[in-house]
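Each remark here refers to the structure printed beneath this line.
In this document, chain identifiers A, B, C and D correspond to the written order of the chains, with residue numbering beginning at 1 in each.
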Amino acid sequence: MSEKLAVAVLGAAGRMGSEAVAAVEAAEDMELVAALGRTDPLETLVSAGARYVVDLTVPDSTEANVRFAVEHGMHAVVGTTGWDAERLGRLADLLETSPGTGVLIAPNFALGSVLASAFAAKAARYFESVELIELHHPDKVDAPSGTAVRTAQLIAAARAEAGVAASPDATATALDGARGAEVDGVHVHSVRLRGLVAHQEVLLGGPGEQLTIRHDSFDRASFMPGVLLGLRQVAGHPGLTVGLDGYLNLND
Amino acid sequence: MSEKLAVAVLGAAGRMGSEAVAAVEAAEDMELVAALGRTDPLETLVSAGARYVVDLTVPDSTEANVRFAVEHGMHAVVGTTGWDAERLGRLADLLETSPGTGVLIAPNFALGSVLASAFAAKAARYFESVELIELHHPDKVDAPSGTAVRTAQLIAAARAEAGVAASPDATATALDGARGAEVDGVHVHSVRLRGLVAHQEVLLGGPGEQLTIRHDSFDRASFMPGVLLGLRQVAGHPGLTVGLDGYLNLND
Amino acid sequence: MSEKLAVAVLGAAGRMGSEAVAAVEAAEDMELVAALGRTDPLETLVSAGARYVVDLTVPDSTEANVRFAVEHGMHAVVGTTGWDAERLGRLADLLETSPGTGVLIAPNFALGSVLASAFAAKAARYFESVELIELHHPDKVDAPSGTAVRTAQLIAAARAEAGVAASPDATATALDGARGAEVDGVHVHSVRLRGLVAHQEVLLGGPGEQLTIRHDSFDRASFMPGVLLGLRQVAGHPGLTVGLDGYLNLND
Amino acid sequence: MSEKLAVAVLGAAGRMGSEAVAAVEAAEDMELVAALGRTDPLETLVSAGARYVVDLTVPDSTEANVRFAVEHGMHAVVGTTGWDAERLGRLADLLETSPGTGVLIAPNFALGSVLASAFAAKAARYFESVELIELHHPDKVDAPSGTAVRTAQLIAAARAEAGVAASPDATATALDGARGAEVDGVHVHSVRLRGLVAHQEVLLGGPGEQLTIRHDSFDRASFMPGVLLGLRQVAGHPGLTVGLDGYLNLND
């Protein structure tokens, strides 16, 4: 019988962290060996026997947490933001000294969202037109969403590489804003509606046909299957991986 | 057995007119007695025994056509644009001299589109948030579409009358255009995509729920059921009616 | 300044009841004067000065609760199920003895759902084809949902009254179940999917066009605006009203 | 400057064939050198100098057409049905004698449809639930559509290979047909609606999230970009390829 993964959650008192604690406890192939809050010492990871660390803390502490894990040979799955190029470079250097250790840093753990973005970029090479609609609750302060901007950038890059022309648009007279924002030439529309959570739709059109790829996030629970998948695969991916799509077999 | 309606089509060589000719010929309760092109004399209507006239011509000739019909006691169903307040006033005056005659002037004969606008305005009184997305082929030169602008105006008027506050929106930083155009305070987003024809979606949101009313026009054939419905009901609605919704029993 | 509505909630410890308690407390024009659980005596309603009662209890106790309210001149808004024709008849008789008192019995308080059903029935008279898709979480034990069955019945009744033929269907060879269930001749399809809550889509089709009316319930919070609307209007609708649509001005 | 592709269309008088003739004529990198009907001799392909053949004929003649092309070193793009295992085997044998020649046999040339099926199969490994809805015009005689059956089979195979459990379903009481047809354990729902052409939606659900992949075919024009893509790539794929997805870089 295979042993259970010994998992510790950092940031266990936060909204995402407490969901992760529950998800790890519910997973039959995992054992929760530690759940640390802001003031708990990292040494607890060692004494608890953690082999896997989930970091869902804050930008100020995530780098120190992950370095501690790697230095102790623990694999890490990281959902905290704030990993810029400089931090990533330092972490990659550190990982060279611990060649069997894996770290996954993912801005988004919702499997559906990661898949939707990857599919949209693949498909965008084959369609004359592509636009993007994202829909969120009305308390959101930025528009478009970060996910929508990243998806549009992926789409634009895939089209540029494939030599696809810009989406056709004969608009000659328009009300200000009607045609949305442009992100690298891709039109992006942001809807804000009470009752919604986080939703995104990529529309691709060619002569006589349309392909639509839509993702709906109804609740934070949507991140947990991605966190568990990360924990199950991180040991098999030594070194640094950025983005959960690196673990999805999209090319099979 | 009830007699067939004796129908004449004006503008019979045009795109809409030729569809109307085919639709009238296929209707079991109608007889096509005349199909007139641009140069055919209106007197043909009399000699052919027309009792009902469908006008699908051009703004320059529609007023004279309809006046001729009314003066000869023929009911008229009119899809031609160009009927401003002045023309409508003159027509209403004329109809007072012919009290049994009915005229329907409709900017839109797609039943689904007319119903969608009416439902959206009714529902908009009960929801915290409402936004509108219209989607068309990329050869369209204006944005938003005329139908979208009219629908947004209807929605805004219904909310104002019911005392509903503006849709909430916490957006603080936005890319230019991301939140769409505002029509009387209603956000309207215009998508342009190869493969599409004419589509519109009204999104209404409240705590924990969403209502979506969507209309898709795939083809000009969508106007014909509305034209036939108009012909069947115009004699029962003497005087001037503007808008097909005046014939739909939305209040039953 | 207008006085606040004095509201009591029966079944306050239940899932719906506790939401109602919170909603009444948050409403600026209402005051929560009592919140009763299963074992609390109904006399508390009198001593607390309740003028409005929300009943969200169980089928076994709802009739006695509502009778008590009416006998004490309190208006009642009722979301509990179990009101068959016999109970409704007895209640109507009782209300004749208290002509100024209003009771609303509603199987569904989600405004969007009530509107969607009403619109679907109105529209179904004008389209050649209509089908219904309902989508729920996979722990639901019945299919189709009760709301879907009621909506299909409303649609079928509206079409029958308007003399509309059955939706066309040339299917000659089909896998068992592919074409869904038939409810009064309307095809109904039930999807069960992890992540969903309660969703329903009515699809109406005619030559070259489609009208889609979709309702999404993401969360029980969606019932509260309907409960509050009921409380605000019940005094203005003396006697018995069944269905929240009786309070919505769908015919304006 | 690169030379134009010398293309011949077989079955040029048919519905698909005449679209292909128009598409090839409109393509700047192609020259239509022959357009053959049922009674035209295949030798015309040689005298016309065809290097590429599009076969859009009938099951009875497609094999002889393709063999003639291969024997004369012409590449072939084939949309005709009727290629069973035996025919494919004979063709593969023939192609071994002509190693530089390519043949593409594709049951579906709509890029969006091919992509949608491929994406659905990839994604189905990562979601707890998956169901399929296909929607067509009401004159269709079979349900579910062939494309829906194939997509469901691809999904089922991908889940089986990945060891994913069956989609959860607590349904205990159901109207006959409500839960759709089962194809290899995947629930498939068939909607028939006037106004529609051919549409398919794969719904994937996990805790708190949904991924939807939808394809709409509005018109036969949707097949032509796939036919042109096939012509441009067939020479670069010597031997036999079945399915347009073999030419799409889905694994980049």
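We adopt the following convention: contacts are C-beta pairs under 8 Å (C-beta built on N, C-alpha and C of every residue); 3 or more make two chains touch, one makes a residue touch a chain.
All of these numbers come straight from a predicted model, not from anything done at the bench.
Touch-path distance (fewest steps) from subunit B to subunit D is 1. Set against the C-alpha centre of subunit B, every other chain centre is closer than that of A.
Averaged Cα coordinates give subunit C a centre that lies 46 Å from the centre of subunit D.
Distance from the subunit B centre to the subunit C centre is 33 Å, each centre being the mean of its Cα atoms. Work out the mean CA point of subunit A and of subunit C, and you get 39 Å between them. Shared interface positions of subunit B, defined as residues touching 2 or more other chains, are 127, 195-196, 204, 206-210, 216, 218, 222. Touching subunit C in their complex are the following residues of subunit D: 127-131, 133, 135, 138-144, 167-183, 187-196, 203-210. Taken in their complex, subunit D has these residues touching subunit B: 195-197, 216, 218, 222.
Put simply, subunit D touches subunit A in their complex at residues 110-113, 115-116, 119, 122-123, 125-127, 204, 206-225, 229, 248-252.
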